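First comes the structure, then the notes that go with it.
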Amino acid sequence: MNLPATDIRTAPAEKAPKRQRHIAEEFRGKFYVYFCVLLMIVIIFSIVYFIASRGLAPFIANGVSVKEMLFGLKWNPEGDPAAFGALPFLFGSFATSLLAAVIAAPLGFCASVFMTEIMPKFGKTLLQPAIELLAGIPSVVYGFVGLSVIVPFLRDTFPGQGIGILAGALVLSVMILPTITTIATDALRSLPSGLKEGSYALGATRWQTISRIILPTTLPSLLTGVVLGIARAFGEALAVQMVIGNAPHIPHSLFESATTLTSIITLEMGNTTSGSLHNNALWSLALILLLMTFVFVFVVRVLERRVKR
Amino acid sequence: MRAKTVDRIATSVIIGVAVLIMAVLAALLGFLLVRGVRHIDFHFLTSFPQAIKTGGGIGPQLFNSLFLLVLTMIITIPLGLGAGIYMSEYAKQNRLTDFIRLVVEVLSSFPSIVVGLFGLLVIVNTFNLGYSLLSGALALTVFNLPMMVRLTEQSLRAVPREQKEAGLALGMSKWKTITSVMLPVALPSIVTGSILAAGRVFGEAAALLFTAGMSSPRLDFTDWNPLHPTSPLNPLRPAETLAVHIWKINSEGLAPDAPEIAAGASAVLVIMVLLFNLGARWFGRVLYRKLTASK
Amino acid sequence: MSKHAFYTKDLSVYYGEKQAVKKISMEFPAREVVALIGPSGCGKSTFLRSLNRMNDLIPGARIEGEVWIEGRNICDPGTDVVSLRQRIGMVWQRPNPFHKSIYENVAFGPRYHGIRGKKALDEIVEECLRKTALWDEVKDRLHQSALALSGGQQQRLCIARSLAVRPSILLMDEPASALDPVSTSKIEELIAELKKEYSIVIVTHNMQQAARISDKTAFFFLGDLIEYDDTQKMFTNPSKKSTDDYISGRFG
Amino acid sequence: MGKGKPVEMKKSFVMLLTLVFALALAACGNNSSNGSDNASSASPSASESSSASPSDSAGGEKLSGNVLAVGSTALQPLAQAVADKFMAEDQYKGISVQVQPGGSGTGLSQVSDGQANIGNSDIFAEEKLDADKAKELVDHKVAVVAMAAVANKAVGVDNLTKQQLVDIFTGKITNWKDVGGADQKIVIVNRPASSGTRATFEKYALGTKTEDLQGSIQEDSSGTVKKLVKETPGAIGYLALSYLDDSITALKYDGVEPTADNVKTNKYPVWAYEHMYTKGEPTPEVKAFLDYILSDAVQSGVVVEQGFVPVSEMQVERDAAGNVTNK
């Protein structure tokens, strides 16, 4: 019988160059993907390097103490004597982002429970796209709406000028709602259905099932979403700057002007000359932001490890 | 009995929250669109902005936003695909891979302002690209890249293993199998995801303030030579995008109709994002159908 | 042609610490069908997949021993696995056509291996589709998506696809288990036809199928090759008790 | 396979190393070429400007090249408007002027580092830059901007003395009734401490530096300040004259109205120059632009339209230290 293996590609001589070809092809492909990955690593290292090179200058060259930067209450880099207390900004950043998470987290959980347990069809076709749309709205638009709607509303409803931590937190809570909801929904969807059915089979109500079975098992994932939300809120700049007031002090109430790390950077970066101490102090704040990113990523990792277990 | 009452209350609270979220979104969209849409007409979308007179448009800004998006995607997609392919197909289970995964994660959670400052320091000043579209696109690449990498990785991982094995079993190199067999399968979800990511690029402002700049040269829309400084296609010219323009006229607008322009521009931006969202879903579906089902 | 298409020598496969296939030596006669049977997890699929080193893809998998095909030991680190795989076709449990047109599914492989020219490709496509009895069913819609075909048609297309790169060996991993009875019988007819040209190794859970289509049968249990003999003997008079127990349905 | 793995790993490692090396090389190459770029032309986007005719512009030849002006957000609209007009003029067709906002500080550092041809600034370079860097820069005063204290319409006050302003901005007076207005808490809408506008206001209106008070608002942009003053009961802030309109009350300063005429005579002292700095003497195309902006047509045209006061009409002159001399 005529073996088909030899009727078209006959000569073994032909095989040699072909083999070269697929090896070369593979090598080119590998080279390319390694290049892409390496580029990412180069990017991240250069970001850390360049920001640190500016941000560390005040501590190294100008003798500003780290302690003052982290715990000082007074920010007056061009004053005499200059003061570099960034605690009010740290406070503002933490306060707004945590408060935003406190507002958004329960809403996000409820929305995801609604989408997975109560009305999955309606949730999937309407609520989920709606929430994803919230994520797509640009932050300047949020700032614009915050300044035009939330600030006047707060001003009329509560004592104070309307701007402040609460205004910032409200704007941010809408912005981070999608992050929290999406991750929570994914976690709830990926639950083995046997778990739920077992609970229902024992005669538990839906709420009992949700509160005793579903929420505890998905808690680490839910927290991951919250932490990612906080991270996003922490780094948001323009929307917050428009509604928070930007006074470099720790406010006495939620309705008093305050500042975040990001808003002080956007506010002052353009007004300072590069290389000046004031400018470098702002880079130090950027460095703090950068380090906080690492902290958030670390926390998320710890939480994810718990999910896997 | 009591458990049932609690259940009923909890259920209504949850439904209430869902309704609340829908209401917030509706109010938000309503507010933006009602205030903005009546300012949108052909003239508004195509004419140049006016510094102190009424009747300015957002033509160049709209063009800049779209062009910047295209530039960013041109840079991001090949790099993101490459790194995503590495993560899903070439990465071995070792510390290096863990480290790269960490890099992607950190890179994706950098605040946009930090990336903008980095862009100012390195791309604008050190590499001397100036405030330009290219600088802006490079800065946006920094955000978009990790998104693209994850997207590619997840989409490729979702490709059934048999597809890959089928390619390999035909005696193809791994690279060929990935690019010709697996990528087409993963394409619909990659496309959908990257259009959604593109919507986010469209609205980014903080990073662009420091990299793409806050003004445009007087563009000459009859000159399409990318080397001319006033040509719309010149990637080395400064460019104010729509999102940056909203920020600028909100803060510094001198024109008497600045609030209307801001409202109109916000509405345009939101409509664009909406289009991106719907477009992504639609396109992904069409692509999927085209690649799988019969015609 | 030698008597044996290929053979293994002391072939072991490990997943991490676990030894899934234990030092198996087997000879596969040319142009005959060998069925691998055994309970789930007995290592028969793993064994099959190591014959074209498809297990390389699974993280943590490791091969020891030798597999000799066409005078080469494919477990040798210097082996060009990619070229090797072209000589060995493979068919999976679930039909897995490429997300391309019917024509492209078949033409993709030969084109990659250097066959240009529409005419040559057209010929190969027709030839392969005819061999798998698919030609008459699809000749009018060659350029439509392969995913629109029925499951059984898809599986036959997958066989056609692997034939197109001119292998001498076909590995089949439960090729009919996901199909309806009619499609299954078509695949079985096809196998009977194909063994005139190819050496076929098939993993199956279906005893009757093994009895119907194979010339020789190997019984695997817990990673060991318990018995390997002519199918007729295996099913009528096995020499090992556990083989008898399994075939007669007493366990597994 | 067991033996195959280390080989593969080694290969990929070598590949990584090669890549690192290649990238490092590329980076070095880039740096050196950038350096030469800097030397040959002042502006990054002006790579073509080095080909501009060097000094024979007097011969009537057409100038060409790029001019990049970066800096003050307050000056940006004016500079942009003038640039648009400038480029529309026939004899300057070949010159492309780009104006970027970014803040006075950015403008000064970019012109000082040679990234921009012109640094726009609200304040004297001496106030921001190191003395030796400032010395290299040449000042071109292109306009005068005056600032007025503004208040929410409902406060019932339209005049404040210097002392009252100081007391308000240092937090000694916290209610409008103490300066003769309604019983309404004062809300300060200030500029950030680094702002040029604030520096001017403090220097010439208050005569003293102030610190940010608890509860005060800091906004960098005039639009936001105006919006907040307009909407917040009891708010006080300050704006350039161009932003004034009926929605807010412009406060008289010691009884003097903030008008262009009062600024020209220095009767109303809260004003400052808008500067365009160049590093050393300007190149011909930059000079053409600066001359254009100082021409009568522009000074009495766009400059006035945008609410600035023409430099030429100032009857006094003021130096960086604030000493005023009559012209």
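For clarity, chains are labelled A, B, C and D in written order, and residue numbers in each chain start from 1.
To be clear about the criterion, contacts are C-beta pairs under 8 Å (C-beta built on N, C-alpha and C of every residue); 3 or more make two chains touch, one makes a residue touch a chain.
Computed from a prediction, not measured in an experiment: that's the story for all the values here.
Q: If each step moves to a chain the current one touches, what is the fewest number of steps from subunit A to subunit D?
A: Minimum number of steps from subunit A to subunit D: 1.
Q: Averaging each chain's C-alpha atoms to get its centre, pick out the one most distant from subunit A.
A: Checked the centroid distances; the maximum from subunit A is C.
Q: Just give me the whole-number Å value for how far the CA centre of subunit B lies from that of subunit D.
A: Inter-chain centre distance comes to 31 Å.
Q: Report, in whole Å, the distance between the mean C-alpha point of subunit A and the mean C-alpha point of subunit C.
A: Here the centre of subunit C sits 49 Å away from the centre of subunit A.
Q: On a C-alpha centroid basis, what's the spacing between subunit C and subunit D, in Å?
A: 75
Q: Which subunit C residues reach two or more other chains?
A: 82-83, 87, 113
Q: Where in subunit B do residues touch at least two different other chains?
A: Residues 92, 125, 172-174, 176, 250 of subunit B each touch two or more of the other chains.
Q: Counting only residues that touch at least 2 other chains, which ones in subunit A make the list?
A: In subunit A, residues 22-23, 26, 30, 34-35, 39, 147, 242, 269, 274 touch at least two other chains, as defined above.
Q: Quick check on the complex: what are the subunit A residues that touch subunit D?
A: Where subunit A meets subunit D, its residues are 30-31, 34-35, 38-39, 42, 75-79, 147, 151-152, 155, 161-163, 242, 245-249, 251-252, 256-257, 259, 264, 267-276, 278-279.
Q: Going by the contact rule at the top, pick out the subunit A residues touching subunit B in the complex.
A: 22-23, 25-26, 28-30, 32-37, 39-41, 43-44, 46-47, 50-51, 54, 106-107, 110-111, 113-115, 118-119, 123, 126-127, 129-141, 143-145, 147, 149, 174, 177, 204-208, 210-211, 228, 231-232, 234-238, 242, 262, 265-266, 269, 274, 283, 286, 289-290, 293-294, 296-297, 300-301
Q: Which residues, counting only subunit B, touch subunit A once they are in their complex?
A: 3-4, 6-7, 10-11, 13-15, 17-18, 20-22, 24-25, 28, 31-32, 78-83, 85-87, 89-90, 100, 102-107, 109-115, 117-118, 121-122, 125, 142, 145-146, 149, 172-176, 178-179, 196, 199-200, 202-206, 209-210, 243-244, 246-247, 250, 262, 266, 269-270, 273-274, 276-277, 281
Q: Sort out for me which residues of subunit D touch subunit A in the complex.
A: Within the complex, subunit D touches subunit A at residues 12, 15-16, 19-20, 23, 73, 101-106, 108-110, 112-113, 128-129, 187, 192-196, 209, 211-220, 224, 227-228, 231-232, 235.
Q: Under the stated contact criterion, what part of subunit D meets subunit B in this complex?
A: 9, 30, 34, 37-38, 43-45, 48, 66, 68, 70, 73, 76-77, 80-81, 83-84, 87, 96-102, 113, 115, 219-224, 242-243, 305-306
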